[in-house]
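Chains here go by letter, A, B, C and D, matching the order in which they are written, and residues are numbered from 1 within each.
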Amino acid sequence: MFVERFKSKIVSHFSYFIGSKGDAVVVDPERNCSIYLKTAQRENMNIRYIFETHRHEDFVVGSRELAHLSGAEVYHGSWPDFTYGNVLRDNQEFRVGDVMVTAIHTPGHTPGCMSYIVADLESGYEAVLVCTGDALFVNDVGRTDFGGPDKRREWSESLFMSIVGRILPLGDHVILCPAHGSGSVCGSNIASREWSTLGIERLMNPVLRLSKEEFIEYKVNERHEYAPYFRLMEHYNIEGAPFLGAGQNCKAFSAEEFRSQMDSGAVILDVRSPSAFGGAHIPSSYNIPVDVLSFAGWFLPFDKPVLAVTNDVDDLEYVSKSLASIGYDNVVGYLGGGLSSWYSIGYPIESLRLVVFSQLKSWLDSGKEYFLLDVRSKDEYEEGHIKFAKNIYVGLLQERIKEIPKDLPIVVICGSGTRASIGASILLRNGYKRVYNFLGAMRSWKELGYPLSK
Amino acid sequence: MFVERFKSKIVSHFSYFIGSKGDAVVVDPERNCSIYLKTAQRENMNIRYIFETHRHEDFVVGSRELAHLSGAEVYHGSWPDFTYGNVLRDNQEFRVGDVMVTAIHTPGHTPGCMSYIVADLESGYEAVLVCTGDALFVNDVGRTDFGGPDKRREWSESLFMSIVGRILPLGDHVILCPAHGSGSVCGSNIASREWSTLGIERLMNPVLRLSKEEFIEYKVNERHEYAPYFRLMEHYNIEGAPFLGAGQNCKAFSAEEFRSQMDSGAVILDVRSPSAFGGAHIPSSYNIPVDVLSFAGWFLPFDKPVLAVTNDVDDLEYVSKSLASIGYDNVVGYLGGGLSSWYSIGYPIESLRLVVFSQLKSWLDSGKEYFLLDVRSKDEYEEGHIKFAKNIYVGLLQERIKEIPKDLPIVVICGSGTRASIGASILLRNGYKRVYNFLGAMRSWKELGYPLSK
Amino acid sequence: MFVERFKSKIVSHFSYFIGSKGDAVVVDPERNCSIYLKTAQRENMNIRYIFETHRHEDFVVGSRELAHLSGAEVYHGSWPDFTYGNVLRDNQEFRVGDVMVTAIHTPGHTPGCMSYIVADLESGYEAVLVCTGDALFVNDVGRTDFGGPDKRREWSESLFMSIVGRILPLGDHVILCPAHGSGSVCGSNIASREWSTLGIERLMNPVLRLSKEEFIEYKVNERHEYAPYFRLMEHYNIEGAPFLGAGQNCKAFSAEEFRSQMDSGAVILDVRSPSAFGGAHIPSSYNIPVDVLSFAGWFLPFDKPVLAVTNDVDDLEYVSKSLASIGYDNVVGYLGGGLSSWYSIGYPIESLRLVVFSQLKSWLDSGKEYFLLDVRSKDEYEEGHIKFAKNIYVGLLQERIKEIPKDLPIVVICGSGTRASIGASILLRNGYKRVYNFLGAMRSWKELGYPLSK
Amino acid sequence: MFVERFKSKIVSHFSYFIGSKGDAVVVDPERNCSIYLKTAQRENMNIRYIFETHRHEDFVVGSRELAHLSGAEVYHGSWPDFTYGNVLRDNQEFRVGDVMVTAIHTPGHTPGCMSYIVADLESGYEAVLVCTGDALFVNDVGRTDFGGPDKRREWSESLFMSIVGRILPLGDHVILCPAHGSGSVCGSNIASREWSTLGIERLMNPVLRLSKEEFIEYKVNERHEYAPYFRLMEHYNIEGAPFLGAGQNCKAFSAEEFRSQMDSGAVILDVRSPSAFGGAHIPSSYNIPVDVLSFAGWFLPFDKPVLAVTNDVDDLEYVSKSLASIGYDNVVGYLGGGLSSWYSIGYPIESLRLVVFSQLKSWLDSGKEYFLLDVRSKDEYEEGHIKFAKNIYVGLLQERIKEIPKDLPIVVICGSGTRASIGASILLRNGYKRVYNFLGAMRSWKELGYPLSK
């Protein structure tokens, strides 16, 4: 039995290729199907089945395109009403080579969630691994808020029953294969470790140490963000997204063309680091550093051309493929030659003032007036923040922009200075002038032992 | 000014990417356009124009797909009647950055052939390089037989006038950028060296040392093969081929599936070496070793699935991309696990006897009767062959199969043992039993100083 | 916590890179250390400790060179008397970032074997994975024969106690990280699946279902091969091998030079497939197909130049790196241009007759006399073989060559036709003429339901 | 005949691999020899000869190490007194396959300079290409200042005679293969185009249009910079540099370790863009953006550890290999996790104010006092600069630092903002506080049509 895990970094999504003796299954494929086809070729395997654990909300699932390319059949649960693929029965079994896959119904994250138990008949009938989708993660469990407030209690109870009644009983020895890892918005506290087992979760997953009532209470009150692009993902993953094929070509534009595209409505996405964006950037660009690219789903429009700014042409493939994996087929170009093409012909740049701990501290101590804007999530904020800082989550900043005063210097704060740079770019786009990004942010604040308000 | 040459190995085709200051042109793109888009991205350039030197006969030109992906405009000559792109005027000029391209009419290979003179205005107005398409090669000139026997003299004269009247006068210093290199069927004697200039050709190209009359006579009498797949290429290159996109997926088949595909009419293409094919192969497969893959154009059908046999999964990408570059979008699979998947379940194999010089010599000396089949081109044959050997070009063997006796052992002979393996596989497919491939073939025969008939 | 497993394919050896927050440990590094340094760089980690589970017998451990390059400290058990590194105490703990490593003494495979329990303090103190070296594999346990017959019972008991008393009690939930996978000679029946846990092994590993007495009896009577190169590995792994650095350069030789090197004593290693070797090969070469390269350790000398024959230049890097990983620093060249360079100048080739099931069956049925030589291991042979076949393990064939009659045609048999090709090449080197390789071999024989003797 | 050109980007150095029928020569190899060995392997060729055009001054030549690895022989001219290799006779000939190499003495750049004429006997005896080292470049000729002022006239005359008397007479048709391309300090005005011929140079190279007297006068008065690291290169290239082997390992350091290394004397090399350096950087680091890395040779010590700062781990291989190619074997580490590792624990950062055209213009117009420091070369400065700007070449800034006033804000100016960032980092290291980098610099100044002083 052969197992390979694939990670789609932008949304920290895991998919699985499991095969034996020339045949294989894929669980929860990402949109860029070529990775599975290449593995199939290298391993001399044929993809027979594609299993979806559930209707994904945060990325475009590649099932339909992969089925088209490989000839495999798609299977998923009975909710929602998918327009493609086959609906599974609980306990339905599939065999490829020595691999036996058993689909079990594990609702909670959504009513249609399935998990896939995998046995390796070369060794015996015991479960070897289980693909749990968004039911169970390393150190966390799935969200239960997608049905809206009315369903939340019901779905949370359902999730508890699925985990406690169907997944954990498979045994401590079973390897855990979830759909997401650390950094995903589908869980709040997924661990950075990607290797786990049901036993490890039973022993150490903090959510699983709660009683049923505590669990439900915890889940009902948990806070999650709902990024606007989810809506399109949900639509795509029910109806089937347009095929990716070879993907969108991302062209070099000269500074002149770039400016003219901007004038016609193109949106500028600067993926450079907070330091570089702080140093100099094109006015009215969004800064979404390449390692937190999924925040694009909060702001970037699907219906206008998106143009990238980067100093590293090698980033472009990652940027365009990753944005395509969350449905953006409109990354049509980039600034050829990077920012220096822009300023070398005298086009205007803007900077964002960067401040570190020692400076901020002295300002605050000096009594000068600042508006401290903490763009972390409400949970992070409540765990400890700088006194007087106001909390608006970075994803909601655009729509709550009116709450920010125009007459004060604004210091944007997050955990390390990265999300704050996104937030600061939004403020600059909205005409705010005296904006600071606090580099190091709460991490350095805590590191140096300064007082936190709760 | 930036220049990059791309080589499509299967038909030894060269294309050129030439750019300056953010803009670029591509000359004679191959079907797999992603290579130009990647270069454009790496060099921060935008492809503005795509130039075709002529209606290519031996591969699918990628102009239309590249234009679609890059937004560039396509230009070509006035013959034939292309259904896409723009027709050039003689001496029409194009400028991208410091690059000045001048299109000149250089008919002969076809009536519509264009050459593209490139100057680098950073240095001055003198020509720096010229893209000559199939007019002038390193050590050879283009074929003049595509118009049929009636036009051949006229086209040959035309070619002479184009080379002598328009290309060579550009000056000895001009770098030669032809559409083909060594191994192409578009010339008979193209040198292996890929770097040349007009001066080098003027001084050393043997065809350019002929007088006009000698040149015409030589060209009119020159022999060329016309591979059947050319017809589809000509059609595609006038009408525009289907877009390649991400290309055809090439699946692993189990031996059982492979056999069942064969039973339903799939054609087997064994791309292993002559030694490996000789050792063991699946009955009724074609052997076209991976380094002479273009012979596929003589035999492989376009309307049936093609299945590959190789021991090296890494070959598959080359095989499927290369066959796609000559129009085969039907390479749907391969034997997963290679030949051992086949014989390990007891399926029958066949071998092809391999013989080297010393053995063949002793057989011939012993007076035993053999049918010697020389599958090289008529020209090669006439330059020297083994006494009594009969010449049938490997490309024509299938249709002339009746000329081969069934009651004698047959020794297939080529230059080195590679084309002979193709020929031998055709004989085996046609029921011949006592077939030998002479490894080393004429090369070893000559190396060892044995007598040649002429 | 970050974990990456590396596989050295030639001996199916696993090493592990485990890190957290900028620091890392490596367990059982292979000789080519650059792979760990690259991972360290990509993950922004510093290698602090290198742990050896035991004195490896089948490959060169890279500890000393990796320590030199990274500044890390090496640790291992107290047996044998290593000339480098530090000796561990039982239960000694090491911490890097959130990773806690506890070394435990798990003798049996050797008296000095250590296992390394890894906890991820981000989640808690429970063990997450354990590196068991050659104590416990997926579906098998380590050999106990390296101490010689006198120690075997003692070591076997010791191994039982280590597994049952120290490893399994860590809990079903713990992920198993052994030093070898399927194909290794360090276990007889390691499963192809590379993912397992202690619980999976407790439930399904057949050796772990034996009682203590049964286990000891089983291990004492188990048969293992001891490849001659092990002796050098043991020496290197106590004393420290020469540093690999950038590795040996492997040069192209012309056929003439190749022959002259052969005349001066160079050994020829043909890594092509059994079909290709069968079709044609250079007389007196060993055939060790690239996918079973570790058999080199049975035959290849360390003190003479080794020259490779392959048709695929891309194999060379794998061949020379892999042979270096088992101590061969003498792969100095290869036949440039592959076999056709050889036969194209008329040099002699030899072939090896290949036979498949149907032919062999009809021969046997016809009563013609053949010597059937089964080169599989004694265990495989005893599980079922063709009547009258004589068993000599391929590794011992050279030294037992006198047992093979010179006056009969010899059919060499293994599982699939690969090891038989090695064996046949040894026979040919020793002057046997009528040698056949049975392609498909016992696999096809069983597939087709023919009778087996036991 | 096969030709491949290799480019070592850091010093824009070209080397050449030229081969035929299994044998090859390499001209002017760079220190990282593995690139030639890989090509030799891919092309099935054996490197027989290594030719040096001259004692290189700006990079470490790899001849001795490549000779050691390949068995090839090294040849060079008779000046200086090399401690390795063989001295050539004028017109000495070498043959490998169909390639004929003729070494000719072309002094001028140094007294021992050789050029190598290459003919392809497959086509004939005419020269096909010539490797001219530092005698003749595309659009420029070599420096003549390395012998000191006393020799300069003599060497310049010598160079003229070599070009006019020996190189150009080879014919317009000969392809030019120089040792350097655009960006090299070995020529002032080398064109960006890398393809040229002797004829193209004869027609368009501005230096070749001068009379002998004009040429000498021009060369004698030409200004060149002499970077301090040249001295070590000259030494290495006479004595032979230490072998590179697998190269220096470049380790991730935590911010704490990084700081402690700094405290022990390590030098910090920040290779990020001017924008990023401007935004935030570690105090007292040098900024040498990755695309102008060769400036390291002006400042970086050879005898202290060098630590890199970059946000892109992928840059590290380029940085350490490239610095090794100019003799820096002391790039021992980098800041793991990039700059955010530093500021996230509250360590201090510094910024460099960035200004663009419009701001600078308004400041200047306002009459406020600024010290304008133009760090371009004297030639560039004299071609046109901003009024009142003082010129100190960036390479000399450290030693002339006293000429910069401490009491004025300083605006550093170069062509585009890149070298100015190097200069500004030097000022900051020297305690200057009010330092500005003018992004876009003279390029935007000219683009917008503002007045230049000459």
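Basically, a residue touches a chain if its C-beta (ideal position, glycine included) is under 8 Å from a C-beta of that chain, and two chains touch if they have at least 3 such contacts.
Note that the structure is predicted; figures quoted are calculated from it, not measured.
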By mean C-alpha coordinates, which chain is most distant from chain C?
D
State the pair with the higher C-beta contact count; candidates are A-B and B-D.
B-D
Pick same or different for copies chain B and chain C, depending on whether their interface residues overlap by over half.
same
Please tell me the distance, in whole Å, between the geometric centres of chain A and chain B computed from their C-alpha atoms.
48
Provide the C-alpha centroid distance between chain B and chain C, rounded to the nearest whole angstrom.
43
Just curious, how far off is chain D from chain B if you go by their C-alpha centres, in Å?
41
Do you know which chain A residues sit against two or more other chains?
none
Touching residues on chain A, where the partner in the complex is chain B:
22, 34, 37, 40-46, 69-71, 244-246, 249-254, 257, 313, 316, 336-337, 341
Under the definition above, what is the set of chain C residues touching chain B in their complex?
272-281, 311-312, 314, 338-340, 343-349, 351-352, 354, 356-358, 416-418, 439-441, 443-445, 447-448
Residue numbers of chain C touching chain A in their complex, please.
1-3, 120, 122-124, 126, 128-129, 138-139, 171-175, 191-200, 202-205
